[in-house]
Amino acid sequence: MKQQVADAVKSMIPELVAWRRDFHQFAESGWVEFRTASKVAALLKEWGYDIRIGHEVVKAEARMGVPHAAFLAEQEKRAIEQGAEAEWLPYLSGGFTGVVGILDTGKPGPTIGFRFDMDALDIQESMEDDHLPKAGGYASINAGMMHACGHDAHTAIGLGLAKLLMEQKDQLSGRIKIVFQPAEEGVRGAKAMVEAGVLDDVELFFSGHIGCDIPLGEVVCGANGYLATTKLDVTFKGYAAHAGGSPEEGKNALLAAASAVLNLHSIPRHSKGASRINVGVLHGGSGRNVVPGSAFLKVETRGATSEINEYMLERAVQIIKGAAIMHEAQEQIEIVGMANNCDSSEALIPYIRAQAEQVADVHAVHDIVEAGGSEDATYMLQRVQDNGGLASYLMFGTTLAAGHHNEKFDIDEKVMAIAIQTYALCALNAGDLAKR
Amino acid sequence: MKQQVADAVKSMIPELVAWRRDFHQFAESGWVEFRTASKVAALLKEWGYDIRIGHEVVKAEARMGVPHAAFLAEQEKRAIEQGAEAEWLPYLSGGFTGVVGILDTGKPGPTIGFRFDMDALDIQESMEDDHLPKAGGYASINAGMMHACGHDAHTAIGLGLAKLLMEQKDQLSGRIKIVFQPAEEGVRGAKAMVEAGVLDDVELFFSGHIGCDIPLGEVVCGANGYLATTKLDVTFKGYAAHAGGSPEEGKNALLAAASAVLNLHSIPRHSKGASRINVGVLHGGSGRNVVPGSAFLKVETRGATSEINEYMLERAVQIIKGAAIMHEAQEQIEIVGMANNCDSSEALIPYIRAQAEQVADVHAVHDIVEAGGSEDATYMLQRVQDNGGLASYLMFGTTLAAGHHNEKFDIDEKVMAIAIQTYALCALNAGDLAKR
Amino acid sequence: MKQQVADAVKSMIPELVAWRRDFHQFAESGWVEFRTASKVAALLKEWGYDIRIGHEVVKAEARMGVPHAAFLAEQEKRAIEQGAEAEWLPYLSGGFTGVVGILDTGKPGPTIGFRFDMDALDIQESMEDDHLPKAGGYASINAGMMHACGHDAHTAIGLGLAKLLMEQKDQLSGRIKIVFQPAEEGVRGAKAMVEAGVLDDVELFFSGHIGCDIPLGEVVCGANGYLATTKLDVTFKGYAAHAGGSPEEGKNALLAAASAVLNLHSIPRHSKGASRINVGVLHGGSGRNVVPGSAFLKVETRGATSEINEYMLERAVQIIKGAAIMHEAQEQIEIVGMANNCDSSEALIPYIRAQAEQVADVHAVHDIVEAGGSEDATYMLQRVQDNGGLASYLMFGTTLAAGHHNEKFDIDEKVMAIAIQTYALCALNAGDLAKR
Amino acid sequence: MKQQVADAVKSMIPELVAWRRDFHQFAESGWVEFRTASKVAALLKEWGYDIRIGHEVVKAEARMGVPHAAFLAEQEKRAIEQGAEAEWLPYLSGGFTGVVGILDTGKPGPTIGFRFDMDALDIQESMEDDHLPKAGGYASINAGMMHACGHDAHTAIGLGLAKLLMEQKDQLSGRIKIVFQPAEEGVRGAKAMVEAGVLDDVELFFSGHIGCDIPLGEVVCGANGYLATTKLDVTFKGYAAHAGGSPEEGKNALLAAASAVLNLHSIPRHSKGASRINVGVLHGGSGRNVVPGSAFLKVETRGATSEINEYMLERAVQIIKGAAIMHEAQEQIEIVGMANNCDSSEALIPYIRAQAEQVADVHAVHDIVEAGGSEDATYMLQRVQDNGGLASYLMFGTTLAAGHHNEKFDIDEKVMAIAIQTYALCALNAGDLAKR
């Protein structure tokens, strides 16, 4: 089996690279992955997958941080110009850019899910010559959008896995469900797919990330410790006035915001585990001699558990409200992202290890690694585990040109082959798991 | 006339000094002037004044910053031990320590009011030997109470004036109303006497202050520019918790208070005139390792006009409420003092000047001086002016051993004779005023 | 004389309107008035004025808030494309956009100065059809630059006055100095011209403003009460870090900035007069999940006197420094604008009134009006007064379509004729002044 | 052995109770345990212990939070009046209230140390009748000092252990060192004894606490997880001024303090483990109408490790300094307490369990419990462990009438017998430990 898989992947490497560079060049940020998702759907369809797409797999009300309608429309137009597949675009319109491919073997067996995220970051890609995508001619042509977190490779891996599993269909039993998710950045998209029921029948679930400061050739079977998180956009609306002539007429939204910033950071630590708060961005005021009439903040809370994150969130909301009242401003709080904490299923770790160790270029396998940050695949893991299934989040090391979210981020594309083989073996050997 | 008055005052100087030193020794702070007020009533009665006292002249609900009942009771007991007049004490009981003496000449003429404040400050008097009251054996024997603002002399002046005017009754026409007010410090008492109607029939009104950094022998006819002010006691109640073991259980009242302090001071300036805000005192928390469950603040607002002070107050209340909400604390705001701004009647200035210039020891008379700070006699001036009367606030210079409110404050008692003569002439020559 | 002047102005009205609309269409903000200043120089030269320009009249080190070199270069290029006068551009290069025209009558008499400011605001002009400049085809074609404060008309008035005085040269004695100043907005330019000595020989000085909420046909002889002011750009540089993964590594520049904002607004009021502080703009942080590594603030202080403004500034600098230290950030403070307070010479008011009353369309003349805000012509008034001269700042009412600094600001151009006549008479009748 | 020990302890119970109640009645807070320490020394001496006392065992410069000299002197006088042992008092004078008793068996073997803390809390003991010490007539007679944390029992246990071990001297080998420490509350005293070298020769070390919400009859072999901590007293000195008359002359120490409070609480969380900050007390200002000239804060930092606590402390100091600079105040920071984190030696746990299980009234033994809060015995554990020795911190459950640090705190005195037996067996069976 392992040789078969290795050979199959080897032969598709040029295709993988082409896919990844194509996605890189036409980088699309969260909820506007019109071109990417349409390409994914077209390929899956071509290979014989049953397609679920758009509203079917993305619950409208559960989406978070969706851009304004005008931006969505403009981006859809952009996607068409950049070669989006016309057949699938209508399903994706309005920011429903999720795709699921289903392969039903007809044989009894578990439903096995894989999830890949497709969105780029709001970063302007480096145009310096020592940046490989620039030199190679596939740097992003979409201003302010860049695959600086490797989701271009994730999508390519998902496609490679889909193609391979369809080729190996006879070796499989049960059902395969390959989930392509929008808007992971800002943890905005997973919940909408979970709430659409996409994960409800999945018994074995795998997702993962490339990079993560792990060397090429190393695989982590289960990444734990993701912090539950909530992302908030906060606006204070006060009343502008001439700062010299009639300061008393102003309602200073910036004073409200500054008070909020200080007090948000002073939310008491939680004795039950790690908590975090950050006001990452504050833009307030319009002119030097005008009492600031409005202020905008990007805030996030985190917690080692969802309970702790919830505690942070409740306190944060309270502080924001109080700050507004202080300065007779109106506050507006919008939740634009959310993820919970969730650990990989312990029972799955040795099984994953067994598969990863069979992959030729893998020279080190780690059971569990504590990750930092947040990841919305946790919603999916949790849904599967809540239903009695097993789920794990893997990591695949690769050489990075610069850190995640940096304008010079780049990967060693060899990691794609490693990931596809590991995932494929996890699907193909699922029978072993039952025997354990 | 002026010689008659001069002679009369000269003869009562030993008495004046004795009164003033007696009040100094038995200093009583606001609303507990039980001994002082009872002595005043007894003397006025003795001289033939018609007495109004207690509830009659002090409206209960309009009193501000009244101490707790237990303290009132304890102080009343103290006053008895210190020789309060038993006849009058029952009227004063519970903090109704205002007295008004009325002299009706039976002849047609205006009702002329004079006001003297009787209360001491919450200051511990100096016991150093270079402090004259200490050396002279009449330093305050009441712990934490001291006449460090000259109201002992004001009361003695009021008595001297009362005695003199009764002696000169035949020279007078109309009615004389001499008002002895409690609790001027913290601007707590005047409003309650005004609301009891004490000033309603007064057509000519004079009050004043000794000291004020003016040299002995100088008189100011009208002190203007007192700022309208409101005094607030603010309490934040949160919830205490162990700061190491369970910080998340606390509701930090000190964080609420600190936010309030910063934001109170940042209330926008008012373009129409001077404004002030001060958090003069903050006491918060109970122990180093306990999340502070409560905090207490003494706050004051001021404004060049009552409108500006009102603006400051409204903003302050809003900020206090918002600060409480921020940290899930309960705020409690008590108004414990209030005064408005009010200018002396311009029409009265030349008349007062004319009287003051007749007083032998006066070598300089100023028309108008801009005062700082606040004074609750302004309530009385305003009531008289609102009713169409004339009112002025005078200043009588005297040599000071130390600044007002200092533990070594002391005056040159000669100022008392100057003040009495000026006031007496203002009453005796009131006929001239009509002619102007 | 007055008829002569009236006729002369009447005949130049089409020209005035053309100049004003040309400057309006090619609006240039502070220090990049390359086209405007070159046109002014060319016309003055044509009419026979002796020209002083560039470094000669603008002291490099005393300029404030000069844009970056790249922007200056780009704007100079833009000016060339828009028809700047090639002869004069080299003098203005690098942001030395001041021009002075001198007319020496050769007859004994005082040196009389007039000052006109030429710069536009950083505002995007309205493109709605009810906005007259749009409808009339002369709305600003320079993005983000608009004459929304009437300096286009000021410049045209200056040109009209220059032309008229040259025509009436025989009626004049002494010297005329017409000063065209850059960068009044943000009070950045006057000081550099004063320090270059431009005002040193001026004995009689006039400047002024149109609009100011005064009706068309009304003239104010002396506008007083401008607040002294200082404009500060403040940058806090901290250290960015991942807010979830390693918050302790961050030095939070936004916390420093928020602390600064709160504490700046809480600088104590000054008992000697009005003071102001405003943080009009705050931009901090780069991303929601990043500890903010930098923050930028636009701050201004004001005071009824230069001493009070100095007090505010010193306190502000102290607070900014302390805030930086608190969060281990580096602060950078740049003074980008400054003006002092200065009152018009009282002795000049009746003279100006006498001239204004001769102007046909003037139906009301006011002696003194208290203005709000700040104005850097005060530097010039002060220099003239310090040298024993007389100086005044006038106001010429006009109908406004929208308030100053609004994107729909527009004037009634008739005001230009009124202003020119008033100024011209002030110069032509200067002999009368000596007789007073 | 265990029976021998049980019998010996049983016979001394009345004595134990008497000691404990005596110490309870004459409760002495940190650094003024003059009476307690002198009694301890006298008894140890009587039983044949070699005494080390005062400067010998308490390093002057390493003491923290020592009261002012006047208070020390007054308390020493009080102790004499309350029966302190005159022989030992001179050694303790000035706040050197540590005592060490040494028993050298002369036989080869390890040096075994035990530590007991003697100080009371700054709490006024309840005088309600349902409070047993009140009812029993041994409530504290020292105002504001109360054994509300059980150190009275600790001292009695130490004495009981000392007496028993001397009785059992023949069963022992090596040396026994019994350390009586002052000023554990506020973690002020341990460091001074460690720095005096008291622990340098100790190879096996035991300390512990009674209560801790553990039921009577249960013993914890090793309490871990104490947070490293630093206690700071912070004073801001500004400059007072009249808030109405000349606010600009003030340097507002309360604004500095409020800014410090907010910013201290906003020190970033540490990704490596728990951190804490608390401003437990803030007292600022002198009067409502005075710009606060001073403010005082009680602050504490904590960390899961000494490194994290150090991080918190450094940040805190920086913030305090910055806050002072902001308002031109002078800050004064005094470290008045310190403890580090330190875990019990794992190797010692089974040994302690073996001893505790032999004690008749013990019905449950726990290996390791995670404690909260802070404890300065950790300095001693660490010194012993650093020298290659083994050390553990035990807990002995007892029924509490009210929580630790409550004015109604009371214990079930039976715990004393359990603790003595456990400690005694730990010493007597030390030979077994070598065999493990």
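Note that the chains take the letters A, B, C and D in the order they are written out, and that residue 1 is the start of every chain.
To be clear about the criterion, a contact is a pair of C-beta atoms (placed from the backbone, for glycine too) under 8 Å apart; a residue touches a chain by one contact, two chains touch by 3 or more.
Here is each chain with its UniProt name: A, B, C, D = Amidohydrolase.
Note that the structure is a prediction, hence the values are computed from the model and not measured.
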From chain B (Amidohydrolase), the most remote chain by mean C-alpha position: A
Higher-contact pair (C-beta pairs counted), B-C versus A-C: A-C
Separation of mean Cα positions, chain B (Amidohydrolase) and chain A (Amidohydrolase) [Å, integer]: 69
Distance from chain C (Amidohydrolase) to chain A (Amidohydrolase) - Cα centre to Cα centre, in angstrom: 52
Per-residue overlap in chain D (Amidohydrolase), given as positions that touch at least 2 other chains: 245-247, 252, 255, 259, 262-263, 265-266, 268-269, 271, 276, 291, 372
Chain D (Amidohydrolase) contact footprint on chain B (Amidohydrolase) (complex, rising order): 186, 227, 229, 231, 242-247, 252, 254-255, 257-259, 261-262, 265, 276, 278-292, 295, 298-300, 302, 372-374, 405
Of chain C (Amidohydrolase), residues touching chain D (Amidohydrolase) in the complex: 245-248, 250, 252, 255, 259, 262-263, 266, 268-272, 291, 311, 318-319, 321-328
For the chain B (Amidohydrolase) and chain C (Amidohydrolase) complex, residues of the former touching the latter: 262-263, 265-266, 268-269, 271, 274-276, 372
